[in-house]
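Both complexes shown next keep chain A, but they swap its partner, so chain B is in the first and chain C is in the second.
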Partner chain A sequence: MTGKVSIHGLKLSFELVLLKLPAGGDPPAREVLRRLSAARINLTCVVLDGGEPGVAGTCCIDAEDRPLVERILVQCPGVLAQSEAVGTLTVFPHRYQLDLLAAILRSLVRENIPLAGIASSLSALTFILPYKQLDQAAAAVCRVAQLPANHAPFRPQFRVKQV
Partner chain B sequence: METIAIYWEPVIKTYGIIERTGLSLVSLALDSTRSDPAIIDYLDAARTRDNVKIVFASGATDEGLRVNILLDGEAALPGDGDSPPGLRVDAPVELVYFQGPHFGDRYGIAQAALDALADANIALRSMVCAGASVYLVVPEGQAGAAGKALTKAFAVPNST
Partner chain C sequence: MSDKQLILVVDDDPDLVEAVSMKLESLNYEVAKAYDGEEAWDSIKAQRPALVILDVMMPRKDGYTVCDEMKKSEDYKDIPVVLLTAVADAVTSTNYTHLDGKNTLADDYIPKPIELDKLMEIVRDNLE
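For the complex of A and B:
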């Protein structure tokens, strides 16, 4: 591919914790998510795969929820709250084209930035990455994707907490 | 700065529930130890011919990160012997998806969707929640039932 793929924006998240839900866990993944929901824990990103021996996948929670979630996970052996913080890098719009995904994956691999997950939404592509490497990842993306003039990667100025 | 919000509502609102059938789910492991992993070769070849619905990957299994691409129609695959190692195709599959107000900031949305499918005995192939979007990939012939189950659990504009 030659040239950069045009994008409208690049957003970096606050610090997050990655939860790994194993297939065939006891309790199963759905029950783990039910317990998190009962404790009013927001899942900022969820990717689940079905099949045998059961649903497995990952989800992200806000880092400030880690203490509460770790207390809940005491009763959920097998579910891992990754110790290394993660964050999300969200690029928009994706326009349902594979060029952008291919270019970003290639750039992240070249920079040796490990990828923990991908999730697309209606208009955006979200990459889950080590939090300490988010700025490096944003620079890697900007080498293959073109932001509008006078735009730069941004972080939200406030966080929303549902009560 | 933190903003406190109260989104509680008796039935979770959506902007509508959409069903798609006749899809193909293509997946490949991302071997980040290679400088040019097979998934990137596949994407380069597929980018002009395939209509993508969603992309997702999780690294919860022992095999590491597996990138899944949900495509409209049949996946155009390389000829025999040319397929990248580890390429999997699950087809046909179906998709049900919806968006809702502030979904990215609210707890309980994914759980409500999973409960709706489980209560209707619908097998889950995959679930992807990001931003305000919820995507549910289900086996062939299940999108209609999944859509009905979700319509009972969530508020949709034409049913309220």
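For the complex of A and C:
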């Protein structure tokens, strides 16, 4: 590829905890997510894989919610809260350009940055990555994607929580 | 030149910008997009939209500041501003509280999560 793909923004998350929800778990992944949301835990990113023996999922929560989530997970055997912190890197807008996704994946692989998950939405592509490598990942993305002038990857300045 | 009215949609949530834009375009409006307050100002100066839909909590420059600057500017004070106000009952780590648009110079406001049809009604009313 010669030119960079044009994007408008690159957002990095706070420190997050990755939850692995196994297929065929008891309670099922859907019920685990319901319990977390009932406890007003922000689900920053949810990736679900449908199939047999059921739906498996990957879910990110704020690191500051870990103690509460671990109390909920006592009743959810099989759900694993990963100890290594993760973060999300969100690129927008994707404008349905598959070459942007391919270029970012190639760039992350070149940097040996492991990928825990990918999600797409109406406008954005979100990559779940080790938190300690988020800045490195942002630099890797900026090698293949062009932000507007005077723009840099940014982190949120506040958290929104239900009380 | 297009005779469609130009609406500027400003929010740091790209999915919200896209969803609102798609709805506006389906109603035959032209749409410009910005993802923070600084970009919003650049777009207002460059394109002079007919109306601005403006989020409150954004990086670089928040929506209250942009609204305040617009309404105090001779050149832009006539452009209607619709604020998208606080998303939850409490917001930690900031000076944002559960303020609503009544306390600002905005022409109208709608609380998040927004109802798109209600927002379109507000846009129509403020363009009349």
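Note that the second predicted complex is superposed on the first by the 163 of 163 C-alpha atoms of A that agree within 3 Å, B and C clash if a C-alpha of one lies under 4 Å from a C-alpha of the other, contacts with A are read in each partner's own complex, and residues count from 1 in each chain.
Note that in this section contacts are C-beta pairs under 8 Å (C-beta built on N, C-alpha and C of every residue); 3 or more make two chains touch, one makes a residue touch a chain.
Just so it is clear, the structure is predicted and the values come from calculations on it, not from any experiment.
Asker: Mind working out whether A:146 is in touch with chain B, chain C, both or neither, as first, second, both or neither?
Answerer: In the superposition, A:146 touches no partner, neither chain B nor chain C.
Asker: Mind telling me which of the two, chain B or chain C, contacts the most residues of chain A?
Answerer: Counting residues of chain A touched by each partner, the higher count goes to B.
Asker: Applying the touch criterion given at the start, work out whether A:114 contacts chain B, chain C, both or neither, answering first, second, both or neither.
Answerer: first
Asker: Could you look at A:136 and tell me whether it touches chain B, chain C, both or neither (first, second, both, neither)?
Answerer: neither
Asker: Looking at the overlay, what does A:23 touch: chain B (first), chain C (second), both, or neither?
Answerer: A:23 sits against chain B, while chain C stays out of touch.
Asker: For A:124, is the partner it touches chain B (first), chain C (second), both, or none of the two (neither)?
Answerer: In the superposition, A:124 touches chain B and chain C alike.
Asker: By the touch definition at the top of the document, which applies to A:93: first (chain B), second (chain C), both, or neither?
Answerer: In the superposition, A:93 contacts chain C only.
Asker: Under the contact definition given at the top, report the residues of chain A touching chain B in one complex and chain C in the other.
Answerer: 90, 121-124, 157-163
Asker: Which of the residues in chain B come into contact with chain A in the complex?
Answerer: Residues 1-7, 30, 32, 34-37, 39-40, 43-44, 46-47, 50-61, 65, 67-69, 99, 102, 104-108, 110-111, 114-115, 118, 123-133 of chain B touch chain A in their complex.
Asker: Residue numbers of chain A touching chain C in their complex, please.
Answerer: Residues of chain A touching chain C: 8-9, 11, 90, 92-93, 121-124, 150, 154, 156-163.
Asker: Write out the stretch or stretches of chain A touching chain B in their complex.
Answerer: That would be residues 1, 20-23, 30, 33-34, 36-37, 40-51, 55-59, 90, 94, 96-99, 101-102, 105-106, 109-110, 112, 114-126, 157-163 of chain A.
Asker: Spell out the part of chain C that touches chain A in their complex, as residue ranges.
Answerer: Touch list, chain C to chain A: 12, 14-15, 17-19, 33, 35, 38, 57, 59-60, 87-94, 96.
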